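Below are structures written as structure tokens.
Both of the next two complexes hold chain A, though its partner changes from chain B to chain C.
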Partner chain A sequence: MASEVNTGFLNDKKLDSIAADILRPVGITQGFIVWMGFLGISLLACIYAYYLQWDKGLIVTGLRDYTSWGMYIANFVFFVATSLVGMLISSVLGLIGFKWVKPIARIAEIIAVAFAAIAGLVIVSDMGRPERLPYVFLYGRIQSPIIWDVTVVTTYLVISALLYFLPLIPDLAISKGRMGHTPKWLQKTYEVLSVNWIHTPQQYKILLKAVRIMLILIIPTAFAIHTVTSWLFAVTLRPGWDSSIFGPYFLTGAFVAGSAAVVIVMYFVRTNYKLDKYLTLHHFDMMGKLLVLVSIVYLYFNINEYLVPGFKMKTAEAIHLKELFVGDYAMMFWSVQLLGLIIPIILLLFKVFRKPLSMLVISIIMLIAAWFKRFIIVVPTQDHPFLPKQHVPDAWMVYHPTIVESAITIGTIILAVIIITILVKFFPVIPIWEVAEEQHETDSKTKE
Partner chain B sequence: MIKRYFSLLLIVLISLRLSAQVWVVPAENELRKSPFAFDDASRKAGSEIYNASCKSCHGEPGKNNPIPLVPPPPDFASVKMQSNSDGALQFKVTAGRGPMPSFKNTLSATDVWRVISYARSFNDKYVQEVSKSSEAGGASVQNVKIQISWLKDKNQVQASLSAMKDKVNQPVAGAEVKLFAKRYFGNLLIDEARTTDALGNALFNFPADLPGDSAGHVQLIARLTNEAIFGEAKADSVLIIGVPTYRPPLNEQRAMWNVVSKTPIWLLLAYTIAVLGAWGFIIYVFLQIRAIFLAGSKKDPDSAE
Partner chain C sequence: MSHNSNSTGHDHSGREEDNQNSRRAFFKNFGLLGAVAAAGGAAIYSGYKYEESKPGHDFVKVLTSDNRIVEVPRDQIKDIRVDVDKLQKQGREGLKGHRFVMVIDLAKCRNARKCISACQGAHHLRPYEYHINTLVMQESEHTAPYFMPKPCQHCDNPPCVAVCPVDATFKRQDGIVLIDNERCIGCRFCIAACPYSARLFHWEEPLMAEADKGKPYNIELNVPQRKGTITKCLFSSDRLREGKLPYCVSACPNGVYYFGDENQDAVTNGTTKETFRLSELLRVNAGYQLMAELGTKPRVYYLPPKNRLFEFKDEKDPVQEPT
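What follows is the complex of A and B.
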């Protein structure tokens, strides 16, 4: 993001066509109603599942004494991980000065907001007595990583929301006069949210400063959020969790999941909204390269995480690793590593696969694998406590997620998709003013 | 050759282990009997002692739920326990062995008999034989009173024994007294057993370095050894004669595992600074949004659009 804005683009004719392109899909359309109806009805079923859990408690899940962190916590880690991409794309790549991230940055921020917001809910889904949630704040201990996690997730959510909202302000102002086709309430919302924006240089100056502060602040916060999430595991002595590289391991894994999510949203925005002029093949190509980069880094951490203890095979560690490599979890483990990392890396090295459709397929598989990867990290460790499992009913020995539990988990994913849909549908999904400014600048440069 | 040597060694070791498992009771102890007949009162007193001092290891009688020690503490209702004679039980509880502590200093002889009386209530076939020498009547000197005092100049503790005789309070001479200091686990014998002089006083040398509580309090217990003659007299008093010792409770200091008010300072600082820092910037940015709003309302909006 430049430190100064050349407001010349405002008088450029191009602004009109760009705004028209990007604002065309905004508003309530038939496709939107059908899609939201589908999501809403599916969500109702999941809410009923949650009602069962609210009524009966966690007994309706597969969670018992030994595996007390199951699907829900795996899902939580997945949500936090996916939300980190906001920081990677708008902040790290943006601050370094990569121009191609500009049209994607808002999509990344939308994913960050949606997933960070629901991550908190996912934690509540793991509580048997959710009405005691305030106790966390009333009686929480600063010494507990759980409190650090709550703190940092909240902070990250606010910063991500600001990073979504701040660059949106000029767009809201630009859009105000061009929204004839949308409902009144939406126009009113734009009016309020655009906070008196009139494109003065002074306003741009304030805005750029605010954005820059948030872009810098989100880096340590994002590092903190996922490192602390990893510490929830790594501060224990349990095989599979007792690892000093868990922080960077989680962080790099997060970028893989998040980048895949961005590609998926990019694809649907591009095809449904006919925005191929803005989300070009070049963008997909670059995202493909980014995916390869983050996947290779994550693969490197995976090799460290599994090879080093696998070489030593300490007693307790060996039981855990055998379970993953050749035991009950071998199918899941190797599928996740192959389908979620190794094969995508190989494919995406070739330009032919860095095309929108093939990248969509690869990204969906990677995102699903990313979810199961969190399951592999969270659950198998608890199957092997240090003390033998004795004197408990058979059903407690091994963790089997129930349908209720799965429905609630799917519900959280639907909620995130609903948030993404609403943000993508009701607000400009591509930063109009940034794209216009960029074009204005390249145009004036070529003219000279 | 080596093989034979090892098998010999093995046999020796095994037989050593076997013999270690038999708890030999001296013949005279084996035959010893309680000086009083077991009755409801003694069983009740015994059950209280059992709950306070034995249950933690031996478990609830009849439930066979001792803690897993090696060798295991036998259940009180078990055949193993009940096949002991009264005297053997009394010897084993008094002497202790391995993980089974000696109760010599902790329980009075009478209290040991009370626990045995309680133990026998789990054995229907048990028929008590009371010691012949004491069957006629209890102690020959009754209602002995013990007073403990501190002789500062001599660094000695004095136990003074007296008893009512012919309606007059008279010193008890020739009685053997033991003095104990109460510690966390059991009683510590101070000096050695002393016999009272003609004035009924027994003097004990008191160590100068015995730790007391934070104010130097030490709880002293004086007890008579020959309960058959003098009855079960006992004195319990607290004197300020120990070295004041302050042991801070483990949860007093700041620690990661302590309550929130005992958070380690470094963590408190790091957390507070991080949270205030991040939220300081966030609030600043909210103020900037306000500034944008104000900057927009100053100018005439029509001219800009």
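What follows is the complex of A and C.
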């Protein structure tokens, strides 16, 4: 982001066409109603599943004393992981000065906000006494990694929300008078949220400064949330979790999941809203390259995480690794490694696969694989405690997720999709003023 | 201030005198005020007492514990309330001056499972919910199998306590690790952290949830048990407060358990009631701790299964399926 804004773009004729393009899909359409209706009804079923759990206790899940963290915790890790992409795209790549991330940055922030917000709910779904959530703040022990996690996830959510909202303010002001096709209440909302923005250079200066501070602040915060999340496992003595590279291992894995999520949202925005002028083939090409990069880094950490203990085969580690490589979890383990990492890396090396549709397919598979990867990290370790599992009912021996907990998990994903849909549908999904400014800049340069 | 004033020099003493005078005056005034207040209070109180003692009160017949029927004024009746706050306070502090320790003699265990049922009875647990469980252990393929009772190890470096976000599980001064199910949020981080699988969670309503409803919560017994919270071996700290041996220790028919105090260097066998020197017992029998290499510093010691009293016989899995 440049340190000065040339407000000349405001009088540029191009602004009109850009604003018109980006604001056209804003508002309530039939497709939106159908989609939200579908999500809403599905969500109701999931809420009923949670009611069952609230009423009967966690007995409705497949969790028992040996495997006491299952799908919910895996889902939590997945949510935190996916939300990290906000930091990667707008902050890391933005600060380095890559211009191509500008139209994507807002999509990345939407994903960050949605997933970070729901991550908090996901963790509550795992609690035995959810009504005691305030105890975490009343009696919190600073020594516990859970308290660190709560602190940094909340901080990350706030900064991400600001990073979404602050650059949106000029767009809300630009939209004034161009929103004839949208309902009155939405126009009113825009007016309130635009906080009397009048496009003075001074305002832009302050905005850029604020955004820049946030962009820098979010880097350590994002590192912290996923590192601390990995420590929920790494601070224990259990084979499979007792690893010193869990922090970077989780962090790099997060970028894979998040980048895949961004590609998926990009695709739907591009095709549904006819924004291919702004989300161009070049953007998909670059995102494809980014996916290759983050996947290779993650693959490197995977090799470290499995090869080093696999070489030594200490007793307890060996049981765990055999379970993953050739045992009950082998199918899931190898599918995740191949479909979620190795094959996408190979395919995306070729330009022909870095096209929107093939990228969409690859990204969906990668995102699903990313979810199961968290399952692989969380569950199998607990299947093999140090001491033998004896004298308990058969159902306690192996973890089989139930329909109820699957429904609750799907419910959290639906909630995230609802937040994304609302933010994408009711507000400009591509930063109008930033795109216009850049166009203006390049135009004036070519004139000279 | 008055402490310093004794050593102050001449120039300070004048001011000191003033201070003393004004203080004296203050106390004089205050004393007067106090006397008036006391007199007034006494008058009101005696009037109240008088009203109270007047006949015509509503009396209630009460059966005493020695089978006499007596009459008591209704407004004098007070419910006997177990002081939950006191239970909580003493439960969190522990028994001063003690460092409790358990020794388990593996040579004597034949999996009678009496310890388990006594424990489950005391703590209102289902037959497959274990504070203490007897496991069949075998170190490697060619070594002999043996039975190993496994309670919570009450580690001196407890991984469970370290990770608890709300101080629901804690270490007491007497070495015991307890769980407060009125505080526990049910995150199960402690289960993940415990390498001994010593903790369990109430996935559903506890066995005696109905019957225990409304009972005051005794943190040292962890009863009433609560859905959605953790429970675990407590070294029967309620019994220790009464000067008795833990439930499991007393219930064992085979002399497997020794229990005692590290500070006194003495442990008592639960079956024979013989008392031994702890250090001597551990030295002579080459006592060890379970997975000591993890650095948890357990307070439970094991004596190796050498010269066993019983032949190893692994009978049918005694667990009962939940209905």
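Simple rule for what comes next: the second predicted complex is superposed on the first by the 448 of 448 C-alpha atoms of A that agree within 3 Å, B and C clash if a C-alpha of one lies under 4 Å from a C-alpha of the other, contacts with A are read in each partner's own complex, and residues count from 1 in each chain.
Everything below uses one rule, namely that a residue touches a chain if its C-beta (ideal position, glycine included) is under 8 Å from a C-beta of that chain, and two chains touch if they have at least 3 such contacts.
This is a predicted model, so every value here is computed, not measured.
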{"item": "When chain B and chain C are modelled together on chain A, clash or fit", "value": "clash"}
{"item": "Touched partner set for A:R212, first chain B, second chain C, both or neither", "value": "neither"}
{"item": "Which of chain B and chain C A:T221 touches, first, second, both or neither", "value": "first"}
{"item": "Partner chain in contact with A:G128 - chain B first, chain C second, else both or neither", "value": "second"}
{"item": "First (chain B), second (chain C), both or neither touched by A:G177", "value": "first"}
{"item": "Chain B versus chain C as contact partner of A:S68, first or second or both or neither", "value": "second"}
{"item": "Touching partner for A:N196 - first (chain B), second (chain C), both, neither", "value": "first"}
{"item": "Which superposed partner A:K277 touches (first chain B, second chain C, both, neither)", "value": "neither"}
{"item": "First (chain B), second (chain C), both or neither touched by A:Q143", "value": "both"}
{"item": "Which of chain B and chain C A:V158 touches, first, second, both or neither", "value": "first"}
{"item": "Interface residues of chain A shared between complexes with chain B and chain C", "value": "139-141, 143"}
{"item": "For the chain A and chain B complex, residues of the former touching the latter", "value": "139-143, 148, 151, 155, 158-159, 162, 166, 169, 177, 195-200, 202-203, 206-207, 209-210, 213-214, 217, 221, 224"}
{"item": "Residues of chain C touching chain A in the complex", "value": "128, 130, 133-137, 150, 159, 162-167, 183-189, 191-193, 195-197, 199-205, 227-229, 291, 294, 296, 317-319, 321-322"}
{"item": "Residue ranges of chain A touching chain C (in the complex, touch as defined)", "value": "56-59, 61, 63-66, 68-69, 126-130, 132-133, 135-136, 138-141, 143-147, 150, 232-233, 235-238, 382, 385-396"}
{"item": "Touching residues (chain side chain B, partner chain A) in the complex", "value": "256-260, 263-264, 267-268, 271, 274-275, 278-279, 281-282, 284-285, 288-289, 291-297, 299, 301, 304-305"}
